[in-house]
Amino acid sequence: MDAMLHISTLHYLVLGAALFLLGVIGVLTRRNVVIILMSIELILNAVNLNLVAFSRYWQGLHGPGALHGQVFAIFIITDAAAEAAVGLGILIAFFRNKETVNVDEVNLLKW
Amino acid sequence: MYNHILSIILFTPLVGALLLLFVPKENKEAIRWIANIFALGGFLISLPLVPWFWDKRFEAGFKFIEGSANNWIPSIGAGYVIGIDGISFLLIMLTTLLGWISILSSWSAIENRVKEYYIWFLVLQTGMLGVFMALDFFLFFVFWEAMLVPMYLLIGIWGGPRKLYAAIKFFLYTLAGSVLMLLGILFLYFHHHAISQVYTFSIPELYKTAPQIYSDYGPHAATLLFLSFFFAFAIKVPMFPFHTWLPDAHVEAPTAGSVILAGVLLKMGTYGFIRFSLPFFPNVLAHGRVRFWVMTLSVIAIIYGALVSLMQKDMKKLVAYSSVSHLGFCTLGIFALTPLGLSGSVLQQINHGISTGALFLIVGILYERRHTREIAEYGGISNVMPVYATVTMIMFLSSMGLPLLNGFVGEFSILQGTFMEKEIAGHPGWFWTAWAVPGVVLAAAYLLWLYQRVFFGTVTNPKNEKLHDLTPREMATFVPLIIMAFWIGLYPKPFFQILEQPVKETVMLARPDYREPGAVNAGLKPAAATPQAAVDNHVAMAAEAAKAASTPTQGTN
Amino acid sequence: MIFLNHIYLIPLLPAFGAAVMFFFGRRLQKSTVSAVCVGMVALAFIMACGSVMQYTQWADAHDHQPYQKILYTWLGSDTGHLTYSTHDGTSAPLQADAGFLLDPLSSIWLLFVTGVGMLIHIYSIGYMGHEGGYYRFFGYLNLFMFSMLTLILANNYVLMFVGWEGVGLCSYLLIGFYFHKKSASDAANKAFITNRIGDAGFILGMFFIAWMAGSLRFVDVNRFAHENASALMGSPIIMAATLLLFVGACGKSAQLPLYVWLPDAMEGPTPVSALIHAATMVTAGVYMVARSNALFLLAPKSMMVVAIVGALTAIFAASIGLVQNDIKRVLAYSTVSQLGYMFLALGVGAFTAGVFHVFTHAFFKALLFLGAGSVIHAMSGEQDMRNMGALSDKIPVTFRTMLVGTLAIAGIPGLAGFFSKDEILWKAWNYHWALWVIGFATALMTSFYMFRLIYLTFWSPSRVTSHEVEHHIHESPKSMTGPLVVLAFFSIAAGYLNWPSNRFEKFLEPVFANGEVATHAAEGASRGLELALMGLSVVVAFGGWYLASLFYRYAEKGYREPIDAAAPAVYTTLLNKYYVDEGYDYVVTGRRKLGDIRLGVLGAGEASAWIDSNLIDGAVNGAGWITRLMARISSWWDKWIIDGVGVNGPAILARMISYPTRLLEWGLVQWYALVMTAGLVGFVFYYVYH
Amino acid sequence: MGFTWTDYLLALPIVLLTLFALGILLIDLMLEPEKKWVNPATAVIGVLFSATGVYKVQMWLEAANSPGVPGMMRTMVMDHYSIYFFYLFLAATVIAILMSARYLEIENENHGEYYALMLLAVAGMMCMACGTDIVLLFIGLELMAISTYVLVGFLRRDRRSNEAALKYLLLGAFSSGIFAYGLSLLYGLTGTTSLQGIQYQLYQNVMPGPYKPVAIIALITTMTGLLFKIAAIPFHQWAPDAYEGAPTSITGFMSVAVKAAAWAMLLRVLISGLMPMRPIWAPMLVFVSIATMTGANFAALTQTNTKRLLAYSSIAHVGYMLLGLVAGTATTLSPDGIKGILIYLLVYTFMNLGAFGVITALRHRNVIGDELDDLNGLYSRAPVEAVLMLVFMLSLAGIPPLAGFWGKYFIFLSLIGTQHYALAALGVLYSVFGLYYYLKIANAMFMAAPAKGEERLPVSLSMRAAIALAGIATLYIGLLPNSFIQMVNWSLGLANNPNVARLVR
Amino acid sequence: MNPVATPFFFYLLSGTMIIGGILVITRKNAVHSAMALITALLAQAGLYLMLYAPFVAGVQIILYAGGIMVLFLFVIMLINLERTLKERQFNQQWLVGIVAAAALGGLFIAVYTKGRNLFPASEHLTYVESQNTQGVANLLFDPHVGMYMFAFEIASLLLLVAIIGAVVMAKKRI
């Protein structure tokens, strides 16, 4: 019980893994491309959670200036933004041609 | 010229190919002329090598060496080093001769994409010559592989109905063998470095270290390494279970391609055996079952190839399978590991190049006229093409090993060389010879039966009635081959002399325990006492000289 | 010594003739062709006579050594370094000379080969005068003369083998001279291939000799045999060598079981049958065995085999000859039978007798064949004796000369055959009585079938079928009858070479010096017995004549063979030559199927071809049969396989894997992600819990 | 330590590329439609400028006699390795730009953005090659990746292009999510983002301690991202689809430049960062490599679409290269494997771009030109291109004396040298296997008859230049590889290695 | 400042996050998913605060929830929702997908929780709010310790590419 109550980095790690899991499930199972993109955001958020938690952990060891994780998280957010923008742009281009956002109708290229 | 003769021979065809690049492809006559001039030139330019080499024939080692180790890719220790010994000399002469003949024979056979055809053919010629000249293993490998490409295209573009299948099969099959060889080469390369601290692909250098693999890595590893080379060469030869690419390739290839394929390409495999497999792995050959299996496969090839060709309905396929049988003799002679067997084998390779080359030309001539190779389509051709029938008969006889023609000399030496060994892989030499001899009988059977079906009888197929006999150009392709066939058959001594030294060296490398021929038992061997001069001037031998030659033999009986 | 020094010219002269025919023959007149070819052989004959005469002088001065003339080293590097090791470990060079040897044995062959050869060349001018391919025929004949003379004059086994194969080739070419006839080309193939089987034995035997003696020169081999006689007596290697050589001889000289080609060889023109298949080539085996007598004497078991095979062949062929109707076939079987006699002689150690029989046989058998040729010529190509009869008046010269030949072969005293055959029978008796019995029975049969031939052809009532042929019957031209007369003369005279003074035997003595010793001892002891046996054989010869006259003197059209009447089964068997050809076709060659199964070489060939295209290539191509099996198992696969088979897919198997591999890639992006995830899970699981 | 003037110099190539990319974006706005050729010209000039920048850096290094200079607070390093890859990227980009000009005109998508994105992607690649900090590496990777997503989907009216872009984006984002997750764990385990720090910490603290399982997860997730980018099985599946759907010129660009960048990063990360975990990743790479060679070769066997076929072929090549990595890190004495990868990437750049160049050239009027049948009888329609294509195919198959042989040669050399005989045998046999599908292309070009009414293929000047460049390079490297081998030695700093020094002589 | 890291808030926020995440991947309507995602992101921002990362938390709210999600919502509006709503929401391999993902997540969690003492929480971290932002800024911009300066510049290129990409892709005519 102590472990439950004493919140350590590990808790965040597990939470991050859970979020990652949800993201992966979303990517693997949803048909709607928009929601898949959102799931990817979930994955990236899991990463961010890890990074910030680790940043907190290493601050404890290396002093308050050890903010690398947080900075990394900001970069990941940037990347998430860029990916989302481009992804949605491509989706729109696709939607224009195919009139669908279902990912299993993206099946022209195969074998 | 003298110092660079090999390079000149090697690159003459390539120069021709490059020159052809600049000839417009519509100008077919010019292309043909240029190609033929370069092919003939390639042959003529190799002729000075004959007297030059003749003077050096008893010298040890490689001759006419050009280039030095590491002058090509110093980073890895590969160099452009070429040089020849008697074995490669003969094969080079065969290549230049057959190259010219096949190009000449294509004059009217190839009508479309003429320019490409000749370019590829000349490139092929350079590739083949390179294989026989290379003294650097890396260079050897490059030529070995590179020459597959033009051959592949020759089969694939100008071939018969199943050309794609045959071309790809040819390419893949042979490549599959040779890539394993590359690994073997690399192993030798590292091994050499481990011993001498030098990275090199130089063949004479590797001769020194490669045999130690057996002691350094144990019999198992050495045998595997032997096999990595063996497969490459066995596929090329081709030996018995690896031969199936051959009939397909031959049947589909254009005539000239078949001539070169049978005449020269197959020799690369046997050449590889002689040049590499024997000197590199003396211990593998001395111990273990490898030699037994190789000999067995050779014997199987001899009989099996003959039996299969007996049943063929396609002339070209028949000749192709006969090659399997003939090459079986060659490998038998090689792995007998005796000077006699080995020189017989090389001679037989030359013979095979001449006679089988001619056989493919023969088939090609009929094909060009009738566009079929089905034996059943013919019959009674003697009536309409008597000269052709005569030429065919001569070449058939040469192929089946009739004495006074070339085939006999090679087969006889091989069989004798094999026979005389007390023990080859656990069996006496006569055991192997006895298995090989039926091949001689079967050779007569399939060739004569073919002759009967094609040439004898009356002309039953009206399409055959109007066939015209050999043209002068076609005749010109046969004349050199017939001359060679008779030369080797009647007076093979120069060939034996050329081969004597390299063969001895190879056997010494392959069998370090091999006893240098000791004092010849004088009482029993009067032949050795025959005065050299009397023997050399055989033609203008005067009555007195004859007496001198015969007297020593008379006194003793 | 001009002839002796240029002895190599003897074979080269006809070779030159052949070469001329080869290059220019088509453009030459028939008369030129005849002049060149016959001229060459005639020159060779003159050279031969001169050489032999000079040799006899030379031999007297040289202790009866063989005379050798070595032109150059043919096989071998001639430096002495290209060596092999012999059985005792000493090394010997590969060496075969282009060298020629003349000794009494080769002298005899040389004389009758060139002599008979010349006569037959002359005969052919007339016989072949109307045929196409005249120059070709003479070219082949000259080539044959070259090969035969090489065979005879060779100073070593290898060069002998050259001639050996060469005569085989010429025999092939000449049997197949009428190549548009299927039967002729079949017979030619049969002859060559059967001979090749023998040649294979020859080669192996030769190797054994080289392995033993370190040389293949006759002088060396002989010396080796003499010097080591005691050590080598009964040696298995010698036995192997001699038996293998004998296999070669069986092929060339048509002995059991390789005799089958000779009767078929009668498809060739008749002069060919006379020259090659009666007088000269078929005796090459005898020559070779005689030449190797020193070795054979060291292997008594081999000698016994030779004797038995010879005896069996003799009676076997003779029995077939009893019922044949084709005039040339009768003579062919007679030849086989007589060759059997010769081997019987060799086998029992009577080399001189054997050689003597060869010598006499050459004349009378050539005579008989040429006579038969003349008959056939007269009958416009008819060869069946059932359609002949009463020709004795119409072609008297032929008739008379053939009668001489028949008397000679039947062993009627006073003619050549009597002397030689009697000698053989006597030697056989000394060896073993059973062999004599066989030989004796054969003599009876010989006499019977030969006189049967004479009766049916010349003396019985005419059974000629068409009037046109009847009308056309005429005596042959001079060029044909001339040789007949000459040969008839020798058929009588040849016998007197060895009687009463044994000149022939003495002449050959240097060659067979050792061999004859054993038998000479027995000879003196039982002179009386010899005479008695001789008397018996004379009785038998006349007996055969009598029987033949009994049955065939009045043979009308549709007559019945006496053996048929007595024992139809035997008759059928004999008429079908004991069904040996059929048996060979079923079992050895596989030209006929036994039920649905093809045996023999062709069967093996079919099986190999099947294996090649199905198993070996199949394995290469990704196991075609696996593919078919799979196709049957799962129709679902069919789609993919058929697609693959469409190109006869190199590596159909690979294609079969290819499609499922591609199936992984079925176009759904989430599937891709799933595969990635699965890979991830797999790796993590493996490494965390490994 | 700190930001100094050398950092400007070190960033010069990237800065120049960026400037030209922005310049193109601006100039494009002012260009008449018929003057669009200015865009590729500008891009080529930009690349040349950037190359000059690289050269300047190289000269500076030579002058300083230094094997490499860290820059930007040690987040990047300009060493010979980086410079080698910079040149490689730039060469590939030049050829790709030359290929694109005419192609985009035909596709009617001739926009400046295309070239700008290309240059920016190269900037990202350069970051990947020279970065020594996982943040910079990640951002560089994303810069390259996102540019490529857009480039793949650049033919907006083409459904296949859309689809390829969408698939590539979804999978790419997914994989970069996983990759980032791995990086976050690496950071968490070591507390640093620099590769050197990570290596040090892994050696000192992580591998010996209880953190190893987490480190394994970190490694494998990181590897997933890296292997995804180089398209190794089982993370390869985006490649065939993306390659097939993308504009052909971009397919070529992706197959060489993007792949080379991914390799540069993979080598950098594995060798200087994750080397302590080699016992874990080496067997994994062996598995991946075998799976890659097997899967890709088999899948390529029956392809009928040339681009897709070449996609699988490029996956198969990754399999061979991975073997080189396994062997190249087996002992410190045998750097042949890494050398093999580097030279492989070099020759692969030319031969594969050349091949895609020929396929790009097939696009004319309303023929898409990426089916195998479109190559039928190419010899009669464009002999020079056909022969060069043959050269490229044979080179890809590794037939000496063509460039492609050398890549394979060093890989197999290293495998033999490190006693990986079975892997070597497998590798060479698969390379024979591979020849089959390359020959299919050769067969189509030389042995099949062209479809009716096919006349000579119009090939633009720039395309000719691109193909010729690739062809000459393929032949030249094949015949005289020595200087290139030495270049690779130089890039790996091997010239000082006594083992190698003896060789170089 | 220490007591912020109480278990209560942690479980509350993480519970919100997980539920939000589950809703994201289960909702039919993409708008609902987006809303759930925003909720989750906001909860995550709370967690950042608990981890003494106010700057990141701010960026999370402004950029993520405010920026990216609005983008998502725009796109959802742009594309036809009606049809999508009536269709299956999960693909055919959903079960396998869940199993695979669960296996992966399970493995991760198993590894993390197996070593309980990994990453022990460091106590008593003195925290000044301005220090965080300044520290982040130092790492990004300081000429002496700003090691991510170059990466930051490259990130600007990344955003530039994103803009170009989005424009190129989404605009009908360029």
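Chains here go by letter, A, B, C, D and E, matching the order in which they are written, and residues are numbered from 1 within each.
Criterion: contacts are C-beta pairs under 8 Å (C-beta built on N, C-alpha and C of every residue); 3 or more make two chains touch, one makes a residue touch a chain.
Predicted, not measured: the structure shown is a model, and the values here were computed from it.
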Other chains in touch with both chain A and chain B: C, D
Any chain in contact with chain B as well as chain C: D
Chain whose Cα centroid lies at the greatest distance from that of chain E: C
Identifier of the chain whose CA centre is least distant from the whole-structure CA centre: B
Longest centre-to-centre distance from chain D, chain (CA-based): C
A-E or C-E, whichever has more C-beta pairs in contact: A-E
Centre distance in Å when chain B and chain D are each reduced to the mean of their C-alpha atoms: 45
Approximate Å spacing (C-alpha centroids) for the pair chain A, chain D: 27
Chain B and chain E, separation of their C-alpha mean positions in angstrom: 73
Interchain centroid distance [CA atoms averaged], chain D/chain E, Å: 31
Where chain D touches two or more other chains, by residue: 135, 139, 142, 146, 149-150, 153, 156, 165-167, 170, 174, 178, 188, 193, 213, 216-217, 240-241, 303, 436
For chain E, residues contacting two or more additional chains: 91, 93, 97, 100-101, 104, 107-108, 111-112, 118-119, 145, 148, 151, 155, 158, 161-162, 165, 167-169
Contacts with 2+ other chains: residues of chain C: 650, 662, 665, 667-671, 673-674, 677-678, 680, 684, 688
Those chain pairs that satisfy the touch definition: A-C, A-D, A-E, B-C, B-D, C-D, C-E, D-E
Chain E partner contacts - residues on chain A that touch it in the complex: 3-15, 17-26, 28-32, 34-35, 37-39, 41-42, 45, 48-49, 52-57, 59-61, 64-65, 67-68, 70-71, 73-75, 77-86, 88-93, 95-96, 99-104
Of all residues in chain D, those that touch chain B in their complex: 379, 394, 399-401, 405, 409, 412-413, 416-417, 421, 424-425, 428-429, 431-432, 435-436, 439, 442-443, 446-447, 480-482, 485-486, 489, 502-505
Contact set on chain E toward chain D in their complex: 107-108, 111-112, 114-115, 117-119, 143-151, 154-155, 157-158, 160-162, 164-165, 167-169, 174
Touch list for chain E against partner chain A, complex: 5-7, 10, 14, 17-18, 21-22, 24-25, 27, 30, 33-34, 37, 40-41, 44, 47-48, 51-53, 55-56, 59-60, 63-64, 67-68, 71-72, 75-76, 78-80, 83-84, 87-94, 97-98, 100-102, 104-105, 108-109, 112-113, 116, 118-123, 125-128, 131-132, 135-136, 138-140, 145, 148, 151-152, 155, 158-159, 161-163, 165-170, 172
Interface residues, chain C side, partner chain B - complex: 1, 5, 22, 26, 62, 65-87, 90-95, 97-99, 158, 161-162, 165-166, 169, 172, 176, 179-182, 184-186, 188-189, 192-193, 196-197, 199-200, 203-204, 207-208, 210-211, 213-215, 217, 219-220, 222-224, 601-602, 604-609, 612, 616-617, 620, 647-648, 650
